[in-house]
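One structure is given below, represented as structure tokens, and several questions about it will come after.
Labels run A, B, C and D following the written order; every chain starts at residue 1.
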């Protein structure tokens, strides 16, 4: 349980960080959607570490293989197995962690839950698990693009106390990808990079915020009550490693507002009902209203540091861990394609639900 | 779809605001749990409007009836039907809203989704739907209390820009219930009440934040990857009417921190591994660590105001709605028992999952 | 768990035989389907006992009420609560069964499963639970009829060793309903009625077979692998009280055949690909092929007899139960509308899945 | 949808007959269960074709690899990826079938469902898909054996009109495996083999029946109403390729019986409540009663013959297919381990459900 996401567009991820493979099975993708390994590789490449100042020493090529569900370049409507080999696995590097619980990691809770764990690089609690999410998200994105023209774009909105100013109007992926921190506010991006370099040298890490925008989302997606768009998006994004908070539209700032400030008044423009403001973030009563969907997710600083870490062993005895292993100073930039992938999974699912549970054509 | 919550402890709510009944069916409650209508009524009574300055004119007695699944005072292990009659329904009051879309309500999106809606008091988009959640949550709470001794306590942490200072250590429900705003910081509570009165006179509404604390949660609850505690809690609470944001532990503030500040160091105390701080909010890698669980949910100001509302009709033509109908100035105080109920549903589900998917006794 | 049926068209039944109500919640019915209480009552009336020689003394009016999900005569797309009061409940009649396990009833297994049971009339193990199924099935049938023109017709094909000869070509519900045993082979029907009368006088009961036919089912419904039509139909019908066997098309007789005899050869007729024979029963590889769907379900003789019953108490001591209580001599005739209802639930679910997971229009 | 089986012990199979791999992901296996590739290989080897007179020319080694979820010989509680390469794939052999619909195959219905199909060897409609089921079933069996001591044993009970006489008392797997037809009635086995040889020479195929027995099943497994053991078993077994019918216990013969003949009377023996007869097949009211579980499944003759086959092309034009390709004359003997695997999946799921939804220890 707990490794499958979605109702109709269903994704199951598998794999431990230092096992043979990681990946996902996608069940519920409609048939006849054009899909190639290259479509998926593009997103996996964005997820990979790489560019200074963010690089982690682990260097995986992360070549995805489609092992089922696609025939002559189109989906069959059967399960799509997406698999990536772990080539740079170095399990011996982790032997000293076998019986150690690092602070604010999953070591202790995982042991409490299962009575067993793969201690090598976090096992399945590793952020490497998100390879499967990104691969599956690429399939979802293909479906969303092809059938409904929905576009998803995420970027880094904050690192530490550095907050970017981004106008989503006209924002492009190229602008996001222009800097290693994936922040389209170039001035903020420069400061963020400097901050990351400095903090990395100090052996520390930083938290951050990723923002996401969805364009072209039709009105009328989402289920009321327990399947509200913001609830499903929240579950999707709060389930990412290190995620600590989620907001839709005005988010927490709404708590400090009056109704007369917050209400989005309607206007009729371009032949459809629109809202003059978008504090709702594109979602009203859990259902899309045709405006841009806007959400934010907060990530804590990664708990692995470049300085000695005060841990304990399984008997509670203090252990001082010397720095080492592979980690990011700030997870937010690499989380950008993962956030996009999870949003794509939620929307693909709701798109299919919309097809199933619409008013019949002739009623 | 979208009206059932949970994997093993499964709740389906039903009912429109001005239909004959609202309520819930609970499937998956273990057998032999003592349960009476009074156990449920207590929470429903807390959910009801009532005390100045928060009262809405609607006056429902909200008597719950258990119509199945309980026999001679104990659960049977069969579906528990919990039902409340809508006695104070006044559908005629809503005739003028039949073809009107109010701003930041579900009127328009609901119509876009279904092509039909019950316009009377928001139909199923009404906060009255939460009667079913609270009733089901009371069953979950009974189970959590009886089997694991888990206790859930929520309170209002913020209204508008008034932020309470609350020490959760030793906090009791009595302290929370001592004020109509359900804020245990008495000074803040007084200011909040004054603010609500004032804003209400101005015909406006206010947002707020509800905080929740879980005590006695064993370590090792939660599923990694897609069933993380914070993901399920986020989905549960973001699905409440007017919810806009969710945080676990340090939440959005974590984005502004360094790893060395944020890490919760372990200590061995009282015969078990504890953490000296609790920035994790009791959840690490999606699994409980035995500390208190801490989360917060932000509510927007209710969009129904005591002043004329600029709406549109179904053709997009402006309609000015005169104030009227029934609403709260700030939803947060009444959301307190609803938040508790949703947290109880999530935890009851994870408690049962823990029973099913644990290491076998003799392995 | 175990009280909900379906993936998209989801039905949860509730209620004990001698509790206040029985019924169902339907979640996942598309919006805007015309639906009245009368549409449902028709099928409930067919399920009711009544006509000699089949009558059981229990006399319930079984008036259904739609308590949510329908507005001004159309479905809202929200949960539809269908409820029937138990008016003729006589719990005191069952006091002597409180600690008794009757043979081939659910008394013992229910106790083993739950450690508690409602002993009154079988509690939830009673065939009275099927009231909820029939009510929900009526909604499914309305949907199937309105959107796809699918028609479902069941009848009694066998009672004891009396096997009917029925030509399904042109068979109508009127012909089925013409006799109390619901067997359209009038000669067999007469013999069956005589047999039932005789066996009833002897204080015994009889098994039987119900056959079902679906007309107008489009080709291409059903999911391969684990959601095959025959698997879902089998689960639906084997889950009925007293059901012991299920066949699709040629069924068990196929085990005795050669491939050259069994294959259904194609022919092109009336502008579509048809098969000359229909040993497949309308389903090939789990998916409908456009021919009539044909299935059969076997029911054991009801274990309650009109003669003393050798039971045991909860300590295993023999108890001789005097005849009494209310039961049918042969369940098959009253199972006819229940079989139709379950088939309708399966098909409504697959119809909606077909809408969700079809090749995109323009691919 | 439709490629996942189970509620808690969840299995998703993947793979096309002539794609790169087939296999399964198991999510929901408890942690710390000892598991090796060899445990799984044993069952896969039994599934493989091989021994005269049943061999199909396709010769796959079918080596399974465990690619995730197992660490140092024990399950982790994470998804277990079981993968088998398709080495003997000869896609070019199937080019002539690209636009042909063979009679009583899935060619036409699959095309009707998806608008696309992998025509090579049946694609995912091939019996090769059952490799994943058998692999996953081996994991389930390991769990059942280790935690509850449940044992599952299937055999061939009928081929064509040859019906075996088998006393399940004391029956062993060795006795079943003693003959290529997997029929422990040696006299019948010999006749069956002769019949298969003869019919194969005539270019024809045969149907058959597989019987299954479960020993050691505790009383109290199964969910009433929609999760009855016989309903879940029926769905599991009717979903196998070529399955046409399913019976539990007395099955269809119950339709011809009287209640006084059919009732299983209780007796107190060996310190527990038992039944003197077992017409219930170990299941009463959908819940196990502690007796041996008994079920049967009927398979049609495989539609691929060793003689020219009258097919049609996608325009409905007749095509005469010359014999060729790879097939079994009778599927029943090879279905034996597949039937066992599916029964294991159902029971593992119900075993875990039993753990989750039992009366609390101290109530």
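Rule of thumb we're sticking to: contacts are C-beta pairs under 8 Å (C-beta built on N, C-alpha and C of every residue); 3 or more make two chains touch, one makes a residue touch a chain.
None of the values given here were measured: they were computed from a predicted structure.
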Let me check something: if the centre of a chain is the mean of its CA atoms, which chain is farthest from subunit B? D
More C-beta pairs touching across which pair, A-D or A-C? A-D
State, to the nearest whole Å, the distance from the C-alpha centre of subunit A to the C-alpha centre of subunit B. 26
Rounded to the nearest Å, the gap separating the Cα centres of subunit A and subunit D is 39
Subunit A-subunit C separation of Cα centroids, rounded to whole Å: 45
Residue numbers of subunit A (touch at least two other chains): 1-4, 8, 13, 28, 31-32, 74, 77-78, 113-116, 124, 224, 353, 356-359, 363
Provide the residue numbers of subunit A that touch subunit C in the complex, in ascending order. 8, 28, 30-34, 74, 77-78, 146-147, 224, 352-353, 355-360, 363
Can you tell me which positions in subunit A touch subunit B when the two form their complex? 1-5, 7, 13, 101, 103-106, 108-110, 112-116, 124-125, 129, 158-161, 199, 204-209, 219-228, 230-236, 238-239, 241, 243-252, 254-266, 268, 273, 275, 279-280, 283-290, 298-305, 307, 309-312, 316-317, 353-354, 356-359, 363
Subunit A contacts subunit D in the complex at 1-4, 8, 10, 12-16, 19-23, 25, 27-28, 31-32, 65, 67-69, 71, 74-81, 113-118, 123-124
